[in-house]
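In what comes next, chain A is part of two complexes: it sits with chain B in the first one and with chain C in the second one.
After this line comes the complex of A and B, so read on.
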């Protein structure tokens, strides 16, 4: 693969003279590598699909299973897209899973259910946004390390969720809300549409807006971005708000599927989401990553889990193989970066 | 099925308890310690208290006030349902006796924290200690110290590595849960048999292995019943959803499913409903939440659930009291409280659900 210097452009492929593009001058090269990486990941994904089709021919390649996979990928996928922005911006958000639980239980609380479906959705998004704002403010203005801040939020939000429910899950009797998780439109489960919409909007936000370019710029070089006139603190804070809002949306979809608001949902989501983002080609040090890669990352993990389940592979073997695959994926990307 | 064998235990309250949920912990990276917290914690919904009959039968000598005893209580942090029910049971049992003073310690989420806390109460002139160790092995030495100081240790649910570390041991019966579930399913399917599947709790826990083993052993007696799949869930509702989705996708035909835990069962049930396969097979739960029992009563998807009651903590306090007062146990002929008691895992079905439902946890 090529490493020759490309015309100066930022990671979004726009000319470098646009605002916020300064720190990513070698973007053209990144761009090309990025495409290669995504193509590589796409190939891996297709390989898994073929493997599934060969190994479990009757069960894997069915429309029902396709929907099953997409449905399972939807909730965690939405979280993953939020996390992609945070990681692109050079941060990390470990609190996403707990925020899903907190937003879910508050939205399912009796007072929220009294307000109807719109109130419940609005409350879930607001809780996510508020928690994200706290994360972001502490990180950007309080100068607390993101890992620590969001780790603290991970435990705090989980604790709050338990407190809100008093450890009894809220049964959701608002059918209009539950429809969001349990119904299908044209045969496709409704959460899948949300996932698709978030993925498309996320791609547009990252690749076609100043916000996206600034995110990449800050993740690549925060100091240079600041010198280039970007309000790095404000932008960083907004990234966590975005992640929080998307956790809130994920909370809506999982609670609706379960017709229950439970404080125990979302445990470990942060790990799955981080794995997906990394498999998707992002760098944990920021500035590198794509929405398409992250979506492929989560789909790959979900398809893998699906194949394991169809083949009745024991869970210990699944864990081992999944770990190996994550490492291999990252190793391969290291190779593509250095070649 | 028959009643609990702890029928003779005195003073077990028949109240309802808050049902706390199992959370596989808030630690960020998998958290081995958290898994420890789950052992035994997956059955948070087990019946909240012994049957009223137990309380009635408990009369007589055992409940007569005796000399006042100070009983310490130590258990892991109540970050999930079963744990919360454990400490609540202990408190309610102690509250029933005017001659018991319960010294509660804060819940702990590591072995070290629990040991440190035990050190703060070891000098408090205790007569007995009821302890559910974070891990039995790790807390054995400190329990030995209590015993050496003449403090009666009652070991709850997770067993110490050394028999000298406790006076009496009270355990739930994970293997028995599997047996009960397996026997129920085997009998229900009869000679026709059929393919059955299992949705387990966290696979790395010994208790999960014990439950599965019991299930397997029971079903060996029913040659036409075959276990065709085992899917792991993590005691949480969303993991139950995913596990059941995968299971249903993998299996074309099923006659019955045993789900180890009624908490994750919320997700399991939703997945089954959304798959539209509710008429194909029946579901057996594990633990015994009120929700599940109501469904059993209504003849819904659930046909049974097998219990793992946190009332063992109430029983432990009662036994600690009797031992500390040097008294015998209820109607037993023995002069002293036995060394170990294993609870029975009752099978709750439509026929006997009324006997259990008033005692189930709200969920």
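After this line comes the complex of A and C, so read on.
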């Protein structure tokens, strides 16, 4: 037999005998391959920024506008981090936008406002967690397909949000709460700090903890993970709880920003977040994706929206361009099924 | 190898077909010829290369070497459409019908009678009715959705569809596996009608008795090579066929048995009592002691893999108990692993490895908690441990950073073994540990198995290769159709003893079947 001495080429055609020289961490070569992809995505992002600076020189490269971009990216960015984990684990969560609305209106309801800022934040996170738990339990233990479960949650949560507000948004008079969305610290809007913190914690969770490792293993091969003794169902459920909690946090920030609990916020968040995760290099079938990629994905989409707004180009054109970008990103990353 | 020139009437001749996957030759210079109007049986254990061969024939995978001659003309089968157009139809085990379409729509699928863009539904229905009537099943309602049909009837629809493509060669992959005895009779009558019309049938089955009933000739594959070509099906003894399928094509290199057999006194590590699972195995009991290798011998379909999965908690058993260290196991794979059990499953790629992840991460998949404090992984220590175990097992190439996908079968198996060595588990269940592994690596895995037992671990070994089970196991359980036929010390049973047992068991089963049908 030839296998012992002949070099075997792997999927990318590299000979097998090439000794690795990566860091002595278990991820090694993948981290490097991923870094190349992320560097590519980073380069595209920088190109967009340069394009903005060239096309709208007076307005784009101002500190205020850059803060504005970051602020806009923050709420949807937090949702995107949660969705990144769900997608890495082989699932999908379509309900995130509706959960933002539901958590936002419950937290802004008069009874919650009576409890003060801490109660409002806790309620928002709890509503998100609970809805995520329902999603996760149905998917992991009830064996309902994730797409269907979270699609049902999308409409149910939206309906509940409208019912809670009785179609009239709650005005938030708790100033300490509104500060979270409207104030600045060292000139930077507060939600940006939250986004940064969630991104950093998300990166740590994915790359440095057993939770992250299990997520990737389950998304890559659920049966192998199960036979290695991992509780796949419980972990899958937790991924949806995580996504729900982060939707709750996004709800706090958007409600505080608007000083209103409205049932009509977050519409379409799920689509933008999925787009960002995909642009960021994740595979919708699970097992592949990065937090850094997803952050770059959402920043790219936000910068694009900002440039188009500054140039007074109608949003329909932006939507068309966004669609093209998604497809081009996926094609450039060469993520065909065979690779 | 005989000369193919002696078979001028071959409808199909495949010559020197070779297909390599990383690290293994699935097919190694296979010659295969089929004559019009014959039933040619293709035999072989799991992994022998049958599936690969019929996929080549169906145009689903391209061989690396070799040629296919159809009706005297060399042809290139580059897609399933090519094969169908030539008249080669394949009926896979999982029937490839569209469940929520009607019988007529399924028969016409892909070549519907049309007028412009519109399907001529009545003509499609008429055509389906005519084809089914030809097959003696004109009573099948052509407007019924296929999902509502029995497996037997769905199979008939598949055959009708093959005929609607004017198939002249129909490959049937284990068609009898899903059928009752009566339905098998019906299928055989139908195959008789096909061959009368000059259609050739390539018939794959693990039920050896069927081969003598309907086969004209038999070709046996083992380890990707033809070990017997074009045998006369009626004249060849069943025992001979089993010997060909399971026998030695290579010299096995087993390590010496330990001087003293492991003590069977004292408390067993693992105690299995009356374990049963519907349609898989019934009332299986055994003990496993420290330092012991328990072999499970049986043909494909004997329930051996299902048994192993149930013991590990990967599938629920309907009856019976599994005890580890005297305490029952009931919590699924998580509990089994936590309490010191490990399993190397049958299908490494789909059941054991996260192919996109590094070898190191695959190695620590069951132990990552050990390298974590409050959930935070110490990646450096994790990598060092993985690298150490993999070096001990002589992983080649010795780079744990590479993706698991890039490894040969033998080295993938080493990664799975390394996973459980790192876990230091005391009971290891091995399902086909040397499938798709080349000869050199096989010897290494045998030595490893023996080492593990010498360290006081208990091992359960399932293998399609009878010599492997008999050569390694201290005790052998012979399993047939889900029942334990006998349990004996490893040194005592010979290959022919086991085969005799299995064949005797098969005869008993047939007797029982006949009684069930005619009470």
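Rule of thumb we're sticking to: the second predicted complex is superposed on the first by the 304 of 339 C-alpha atoms of A that agree within 3 Å, B and C clash if a C-alpha of one lies under 4 Å from a C-alpha of the other, contacts with A are read in each partner's own complex, and residues count from 1 in each chain.
Everything below uses one rule, namely that contacts are C-beta pairs under 8 Å (C-beta built on N, C-alpha and C of every residue); 3 or more make two chains touch, one makes a residue touch a chain.
Since we're looking at a predicted model, the values are computed, not measured.
With both structures placed on the common chain, the touch criterion links A:213 to chain C but leaves chain B unconnected.
When the shared chain is aligned, chain B comes close enough to touch A:158, but chain C does not.
Look at A:59: by the touch rule set out above, it reaches chain B but stays clear of chain C.
Of the two partner chains, chain B is the only one touched by A:169; chain C is not.
Of all residues in chain B, those touching chain A in their complex are 18-26, 28-30, 79-81, 84, 203-204, 228-232, 234-239, 241-242, 245-247, 249-250, 252, 263, 266-267, 270, 273-274, 362-363.
Interface residues of chain A, counted against chain B in their complex, comprise 56, 58-59, 64-65, 68, 71-72, 75, 94, 98, 151, 154-155, 158-159, 162, 165-169, 182, 254, 257-260, 262-268, 270-271, 305-306, 309-310, 312, 314-316. Every residue of chain C that touches chain A in the complex is listed here, in rising order: 22-25, 312, 314, 333-334, 336-338, 343, 345, 350-358, 360-361, 364-366, 368-369, 372, 375-377, 379-380, 382-384, 386-387, 396-397, 399-403, 405-408, 410, 419, 438-441.
Those residues of chain A whose C-beta lies close enough to touch chain C in the complex are 1, 3-4, 7-11, 16-17, 19-20, 22, 24-30, 208-211, 213-214, 216-217, 220-221, 223-231, 287-288.
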